[in-house]
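The following blocks contain the structures, represented as structure tokens.
In what follows, subunit A forms one complex with subunit B and a second complex with subunit C.
On to the complex of A and B.
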């Protein structure tokens, strides 16, 4: 069943985004009397692209920084910072993403900027945590063997440690990306152009059709993104023979 | 070392900000000019001394003392500075903490957390420390030492509303946890027994968890609205498209995955030998469940509840968007009016609530952890 479901959902999502007018029959019963059925203030396609771009940039940046920091604290010279970094991640993860977003506004103002920063900051934690877990579970025997065949530190990191830690790191990236997708939706309350705009517009004008439309599109994006990342993780794990 | 450098760096940033009214952007006031010299000198001394004590890597007790000292200096300066600045400013003037204060606060708090974790306190000490911290914060607020700050001025006319939001927020976060536990724990036990059910249910729940919160809340609205209009009885108990019900239901749905998955994991973590022994001494299925499996799996199950509690406290903010109440109301009102202090009035209690919940749950988890060796 899975094999049919995935492409079907993808096609549905694409259709919802590119030809929203085609679905007016579906949403019409939810719209108020005589009110608009399909959100048309901004094209859904551009909102979707903007939303995805925000998530992509924030997650990529968070991945680079978080994996970099994880590499640093798992090296001998960075070991002193490890307990501190654990404390920071533990405390940081109790911060609600919405609160991070709301607190970014006083500091940075409205718009895409604070949203991006909030997504980035919050995205760091799961990736950092998982990268440390992944890097420190590489078995010492493997590392010894790598040293034995004469690999330098850098070579060991790039050819042995990172590839072996990759599935766990990807898991963290997935968590981050899904949280970012959800937080970006709320970003429209701080004037970022994301799909949340459709839902918020619906809530403000009491137009359930908009709410449903936005909710459906964002929900489908999230489910498909999640599925894609899981697939990727499984492929990579299989290739590594784990 | 890191803390001292960062602390010195944040001294350069404006400590307080003074604005003519609640909307305009304030003007930064530097750390040493915030309060009259007779107040700021001892406060700065405390702050510096505290951070210096923080340098002593090998003496965690002194580091804790240092962190507490610097926090005391920080708040003293904040209180005195706000009063002094307001004294010769206009009627609608507002004083709020600026970047410098927040950075110093974070640094001192991190120093405290780092030093405390170095001490590795037991659950009782941690509970006492938490209670003491809460008492200090309550005392600080009660004594009116911070009442000159703009966030307190934002709070004063909304006292009843804030209390209301607090109770509503607790209901949303804890009530949904309760209901999710009532549904999720039996489901978890069933999933543990029947692998077919587990294979069907867990992916479904994790897909639910994936759906962004705003979308989930949005989808709940027409669904519950429909139920409300179709069944008058449902409407009578408050089920409607907008308000508390959709927010509550969405939170319950989000909570199910951590509860069910951790119940399964907790039950699975029990060594088969223990299970066999219980069967061997003639325990029935129910006896085994309640006397062996649940007590032994409890730490893992509680970890699931911790995840839910922290997550729901944060997500309940979004309920503010669909009229569900809670602190989110202030956050989104503040965002609409670009009133920073109102945003903080909603966001700070939420963060504090999530942290307290996390710490309390951590203590509970540690208490239920079976002491290895002594029990067998």
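On to the complex of A and C.
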């Protein structure tokens, strides 16, 4: 079933983004009398690409920082910082993204900046926690053997620890990316160009058709991205012989 | 030749290893036996500097081990451990070739060495080369672990309870394999175990450790015949001592002219097996094969004389 479902969803998403007016019949019942059915102020394609770019940049940055921190606090010299760094990332997670946006706007102005900051902070925790879990569950016997046959500290990290932790780290990146994909919609409240613009326009004008359009597209992106990353993880795990 | 010279390690001012000195001859197996907490593993790990020694030094062919960076030293010393420690994300070939790769051997030379070692351990190279450790049985994983330790033809091979995780039948086979391969390659091996049976089976020399000290170092027969302390006597096993002694001696040592009923046994059979055969078949003597076809035998009486203790 999944073999049919995946391309079908992808085609549906592509059609919704590239030829939105073809779906007028579908959304018309939800539009207000005489009001517009399809969002046309900005092209859905450019909003989608911008939305994805924000998610990609924020997730990449969060990955670099979170994995870097996880590596540091799992080394003997960094162990003392483990509780502190956990607290910091946890705070990043407990702060509501809207609050981060509100606080970041005075510093960074309207637009993509505050959204990136919010997505970045929000994305740190899952990646950080998973990276710590992945790095600290590498078998001690394997690490002892790696040391015993003469791998240097850096070689052990790059050749043994990171590859073995990779599936768990990817799991965290996937969670983080999915959260960012949804959260990015809120960025449109501070004028970031995301698919949230469609939803917010719908809410402001009581146009359920817009809300449904934006929501459907974001939802489909989330489902497909999730699926893509699960497949990637499985393929990597298989290649690692795990 | 490996010289261990006054090696000590302290934890909280208590000696885990207390001024241990011994010499390991090139091409021999020395087995370090002791109970847990005797310091045997710490001693082993100080040799490739996985633990730092608080006093003393180790010399390999006259060269002090602390003249090299630890990771460079370790690439020259094979290391095999209980539970094999194979890298799960490396194929068998990459696991075995790990140290040669670190040493910068050319690709084709590594491949040839991997195939050579797999064949030596009775594993078909074409069948095993590209598989992952998780796809192998425990016995096969363990063999790959030893093969990895031998890959770069190290000066010395350290083994820490290498067969501890195997069931008895597979363990006996692994021990025989190790003995055969060590003879074939002329490797120098230092092996740690808590199992005196294993020590007697494998060791050219046995070193018994107790409470961080080396209490006796000698040949297996020497240790069984004249244990230096009560602890060593206990380790070599009160009631099993005569049988262990017999297991070290070949029939050839006490063969005499004469005839006996039944099928002839090989002169390399050990006396414990010969005794078992006598008892099982109710015979007082067994015929022994000879090169020139003359009648030879080994008698129960002669076996008994060999098993008798000094007192």
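Operating definition for what follows: the second predicted complex is superposed on the first by the 233 of 242 C-alpha atoms of A that agree within 3 Å, B and C clash if a C-alpha of one lies under 4 Å from a C-alpha of the other, contacts with A are read in each partner's own complex, and residues count from 1 in each chain.
Note that a residue touches a chain if its C-beta (ideal position, glycine included) is under 8 Å from a C-beta of that chain, and two chains touch if they have at least 3 such contacts.
Quick caveat: nothing in here was measured; it's all calculated off a predicted structure.
**Student:** Does the subunit A-based superposition show subunit B and subunit C clashing or fitting?
**Tutor:** Once both complexes are aligned on subunit A, subunit B and subunit C fit side by side.
**Student:** Determine, under the contact definition given at the top, whether A:228 touches first (subunit B), second (subunit C), both, or neither.
**Tutor:** neither
**Student:** Is A:186 touching the first partner subunit B, the second partner subunit C, both, or neither of them?
**Tutor:** The first partner, subunit B, only.
**Student:** Once the shared chain is lined up, is A:163 touching subunit B (first), subunit C (second), both, or neither of them?
**Tutor:** A:163 sits against subunit C, while subunit B stays out of touch.
**Student:** Once the structures are superposed on A, label A:147 by its partner contacts, choosing first (subunit B), second (subunit C), both or neither.
**Tutor:** second
**Student:** Could you read off the angle at the CA centre of subunit A, spanning the centres of subunit B and subunit C, to the nearest 10°?
**Tutor:** Between the subunit B and subunit C centres, as viewed from subunit A, the angle is 100 degrees.
**Student:** Of the partners subunit B and subunit C, which touch A:26 in the superposed model: first, second, both, neither?
**Tutor:** Touch partners of A:26: none, neither subunit B nor subunit C.
**Student:** Scan A:214 for contacts with subunit B and subunit C and give back first, second, both or neither.
**Tutor:** first
**Student:** Touching A:53, do we find subunit B (first), subunit C (second), both, or neither?
**Tutor:** Touch status of A:53: no partner.
**Student:** Scan A:108 for contacts with subunit B and subunit C and give back first, second, both or neither.
**Tutor:** So A:108 meets neither subunit B nor subunit C here.
**Student:** Once chain A of both complexes is superposed, is A:65 in touch with subunit B (first), subunit C (second), both, or neither?
**Tutor:** Once the two structures are laid over each other on A, A:65 reaches no partner at all.
**Student:** Give me, in Å and rounded to a whole number, the least C-alpha distance separating subunit B from subunit C in the superposition.
**Tutor:** The answer for the closest subunit B-subunit C C-alpha pair is 21 Å.
**Student:** Can you list the subunit A residues touching subunit C in their complex?
**Tutor:** Counting only subunit A, the residues touching subunit C are 139, 141-142, 144-152, 155, 160, 163-164, 240-242.
**Student:** Taking the complex as given, what residues does subunit B use to touch subunit A?
**Tutor:** 2, 99, 109-110, 113-114, 117-118, 206-207, 210-219, 221-222, 225, 241, 310, 313-315, 317-318, 321-322, 328, 331-332, 334-335, 338, 340, 343-344, 346-347, 350-351, 354-355, 357-358
**Student:** Where on subunit C does subunit A make contact in their complex?
**Tutor:** Residues in contact with subunit A: 48, 50, 71-76, 79, 81-91, 98-99, 102, 132-135, 145, 148-149, 158.
**Student:** Residues of subunit A touching subunit B in their complex?
**Tutor:** Residues 30, 81, 83-84, 86-88, 91, 93-99, 102-103, 105-107, 110, 178, 181-182, 185-186, 189-190, 196, 199-200, 202-203, 208, 211-212, 214-216, 218-219, 222-223, 226.
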